[in-house]
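Lettered A, B, C and D in written order, each chain numbered from 1.
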Amino acid sequence: MTDLAVAVGGTRLRGPVLAASGTFGYGTEVPLLERRALGGMVSKGIFLRPREGTPPPRIAETPSGMLNAIGLQGPGVDALIRDYAPSWAEWDFPVFVNINGESASEYGELAARLDGVPGVAGFEINISCPNVEQGGLYFGNDPRAASAVTEAVRKRTSLPVWVKLTPMVSDIAVIARAVEAAGADALCAINTFVGMSVDLNAYKPRLSFRTGGLSGPAIRPLAVHLAHQAARAVRIPVIGIGGIMRAEDALEFLVAGCAAVQVGTATFANPRAIAEVHDGIAAFLEAKGFTSLAELPRYLPRD
Amino acid sequence: MFLVDAPITAKREVARDMFVITMRAPEIAASVRAGQFVNLGWSSGPLLRRPFSIYRVDGDQIEIVLKAVGEGTSKLVAMSPGDVLSCVGPLGHGFGLEAGPRSIVLVSGGLGVAPMPLAAREAAKLGMRVTWVHGARSSEDLCTESEGDEVIWATDDGSQGFKGTAVAAAPDADLVLACGPNRMLAAVAGRWPDGLVAVETYMGCGTGVCLGCAVPLKRGGYDRACKEGPVYRAADIDWAALPSHLSYAVMA
Amino acid sequence: MTDLAVAVGGTRLRGPVLAASGTFGYGTEVPLLERRALGGMVSKGIFLRPREGTPPPRIAETPSGMLNAIGLQGPGVDALIRDYAPSWAEWDFPVFVNINGESASEYGELAARLDGVPGVAGFEINISCPNVEQGGLYFGNDPRAASAVTEAVRKRTSLPVWVKLTPMVSDIAVIARAVEAAGADALCAINTFVGMSVDLNAYKPRLSFRTGGLSGPAIRPLAVHLAHQAARAVRIPVIGIGGIMRAEDALEFLVAGCAAVQVGTATFANPRAIAEVHDGIAAFLEAKGFTSLAELPRYLPRD
Amino acid sequence: MFLVDAPITAKREVARDMFVITMRAPEIAASVRAGQFVNLGWSSGPLLRRPFSIYRVDGDQIEIVLKAVGEGTSKLVAMSPGDVLSCVGPLGHGFGLEAGPRSIVLVSGGLGVAPMPLAAREAAKLGMRVTWVHGARSSEDLCTESEGDEVIWATDDGSQGFKGTAVAAAPDADLVLACGPNRMLAAVAGRWPDGLVAVETYMGCGTGVCLGCAVPLKRGGYDRACKEGPVYRAADIDWAALPSHLSYAVMA
């Protein structure tokens, strides 16, 4: 069997395919899941306090993509620790918590509350959510704010800290270097792009939040480019995210310099997507005569 | 929940531009309850699956009823026996009928006919007297495949049966179920706060993980049409906040 | 007949649908063109001097989109004036020249050379080409550079000056305001997004330029959002561009606050796209009971 | 140039996984010259059209020959008579044969067979003696539909005709035409600098406006495979700079 294990910023994953935040809930009610193929999961974005989220409609489909504006609906950290972490502690793959806040100190506070909770393997700092009024994206496109948040979390936990980057920047390398310097163990690239779809009967945006985050295959070439730019800018591992539907798509990110990938929207269309991507990567490596993922040639010019 | 490749076995037109598609999906046929739905995808289909109530069950076959209201449904109604649909289901909580009520009224508008045949059969099995009131714009739009002890038609233009809405035409009963345009369901909530209504929302995953199918609740907050729903106690929904422009509404 | 005429920054167009730069050549060899439906055209990006462009492959297809890295191949301004402008002078629709340079003064020089040449109706300043080593995008994501280029052109011509914005910015409103202040008559939003596609046989990018510009329906929701943001930020008209295939797509941009639209990639798939979009807009307005495009409701909250 | 909705009228397999699709396109059938191509699109097809040489013409019908090498060609070979293709053409400059040469050799590898039947007929009409040398991996991959006064087969494994490449098997003549993997055409350029070769590139528009189909020239710079090309004098092309990984090459 081809060896697909990878080490990402300290954490050893049995495979390079993770479930992306917000597309997997808290992992407790995912249908038809084939655990063996799951390298790990990132839970739905959480805040300190419960959040209602945005009014419907929250979703609109676009060519090869979808817009979402969920608004980080969630039960808050206490409920997460009470209702979900216990089951995570039982599982044979690591669960990373996607943490969100309206200030650097809120992020730090969240990390402190979750640090040491059985079942919590690490953090994915979300400084790239386009669907919240405060925080979110704001932290993501300002290098100073981004590193402030990263430091705040770094100070409060010894667990692995991943930082999820937004594509809505003129130069992702600047942010990538800033959060690396601030102590991130890995980068996740990327979150959704801000988009809008217009309802021609109502003469207004389809989504009640007006805009939403674009995900799905439509954004893949943009995501591969940004993940590649990030990978070239830093020494820590980069986890590629965006529009991965099939193994070939994941392999584009891996060849472009990513250590692992996350799969999101694809699982809506195909509940078996993660297993198919995982198995397809193994089959590709085998066909090319590689015995492990580490042997996959990477395209990562340093300039 | 199952993921099945379901070959289409038959297609029939039951009203103007309204089609019933039959497909073989044994596991789903064996386990579905009235009010539950399936999420359909197909190669060269749109990115997201499309949710459809299960209309009828016959042996290892399930049926859905639909109209072409957009890209996906247009492609679906153009399909023919032999074509294969990827089918996830049964999904959601149905009407959850239990013994007790002696009489039940099913109120449906336009495509809201979809979950009623299963509901009628479950109710009959539980010994309820079933009255089905179905409304549409005009007689051509009226799907007249009927079940139950009594059937009442209603048309906006009076071209068949009662002239007016199904809600207006409906008698009272121990239990009321309704499906149709969200606007019609709001009216149902006014007359029968304890009625059970099947609502429609956009859906991302259909399986409870994306929170895309938010249904606004009177008590505040949202829950998921694909998981806690699509069936709700009529008075529990914040109708003003529920989008009423979805396709049932568009077409009914 | 529904009146589709619009005035965009001084220029009166008989219809709101223009041909986008680089997808229409110089307009001289466009097949199956239905002139009546064409509001105007923007010629392929030109430099002062001839340019070879990038080596092949220059194109890669992606989900609902395509990447291109043409590298602004072109004959230079002299050949343009000699070989193409004369025919433009004969046509019954305005031709705007998409101008490019490696410095603000080069842009100004180009404008001066073309100002007053019969057939040249105005300029579209391209500060957003992702496929050139110098200039291009660089000018597009720095407000100071963007306004410097705009001023340089403004100073040298009395013809209408449009500025074509790049989507690769954290806040398009900042650039939009800067070029408005520098004297632009209209904004064109947007140019392509930078993307990458990886060849899994060669383990390197499909395009020889490594990256390319993503166009087509995939980017439409992003383009609608950016055009809307630009329209909210300025008083001058905005021309919406990005992924328009059908009339409904164009109407999304128009409702979102755009005065007109440009159609590019769609014409590759459907040589009749521009006529179909034009006629479809007329049909939509008629069906809604509007007698002119001006009556179309716009969604343009000022905040 | 025309834009035609061309209904598929027939499909046949001419070698392992190699199919000929016949479609009705009167205007194109009437005006095409050997070496020209059509750009095909279809509903639910990929965003960009796909270019294909015209293989044969029969009355108001045109034919293309292809293999499934990716998304678009896979869908094309799966189509059946009655399906409709949107067809733009004829496109590009063909071989432009004129009276003069007394003998001509057509050298084709794999799918490079595509433009040769038309070329053979035009050459014969112009009184040339036509020799067609066609090569493939093995006999199963060899499309044996042949034209011309003399036909020579070549297979890499020697399972049919000459063992080796078509280029090696070919005699000399006053005029040489070649089509096949770009790598093979480079070899042609070495032996017959004045030979006329039909090259393959990616294409955006197919009509000369996008500059996506750049062909690198010896004299420097690029021109357009879809406009000045796809036929070139072999020695004029900078073969080192022309991508050789395209599908003809992949498949031949």
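Observations on the structure shown:
Here, a contact is a pair of C-beta atoms (placed from the backbone, for glycine too) under 8 Å apart; a residue touches a chain by one contact, two chains touch by 3 or more.
None of the values given here were measured: they were computed from a predicted structure.
Minimum number of contact steps separating chain A from chain D: 2. When each chain is reduced to the average of its Cα atoms, D sits farthest from chain A. Centroids of chain A and chain C (each the mean of its C-alpha atoms) stand 34 Å apart. If you average the CA atoms of chain A and of chain B, the two centres end up 35 Å from each other.
Between chain B and chain C the centroid-to-centroid distance comes to 46 Å (mean Cα coordinates, whole Å). Multi-chain contact residues of chain C, defined as those touching 2 or more other chains: 60, 64-65, 216-217. Listed for chain D are no residues, as none touches two or more other chains. Note for the complex: chain A touches chain C at residues 62-65, 67, 141, 168-171, 193-198, 200, 203-205, 211-212, 214, 216-222, 224-225, 228, 243, 248, 251-252, 255-256, 284, 297-299. The part of chain A that touches chain B in the complex is made up of residues 22-25, 29-32, 44, 52-61, 64-66, 68, 70, 73, 199, 201-202, 216-217, 265, 267-272. Within the complex, the chain B residues that touch chain A are 1, 3, 41, 46-49, 86, 88, 201-216, 220-222, 227, 241-243, 245.
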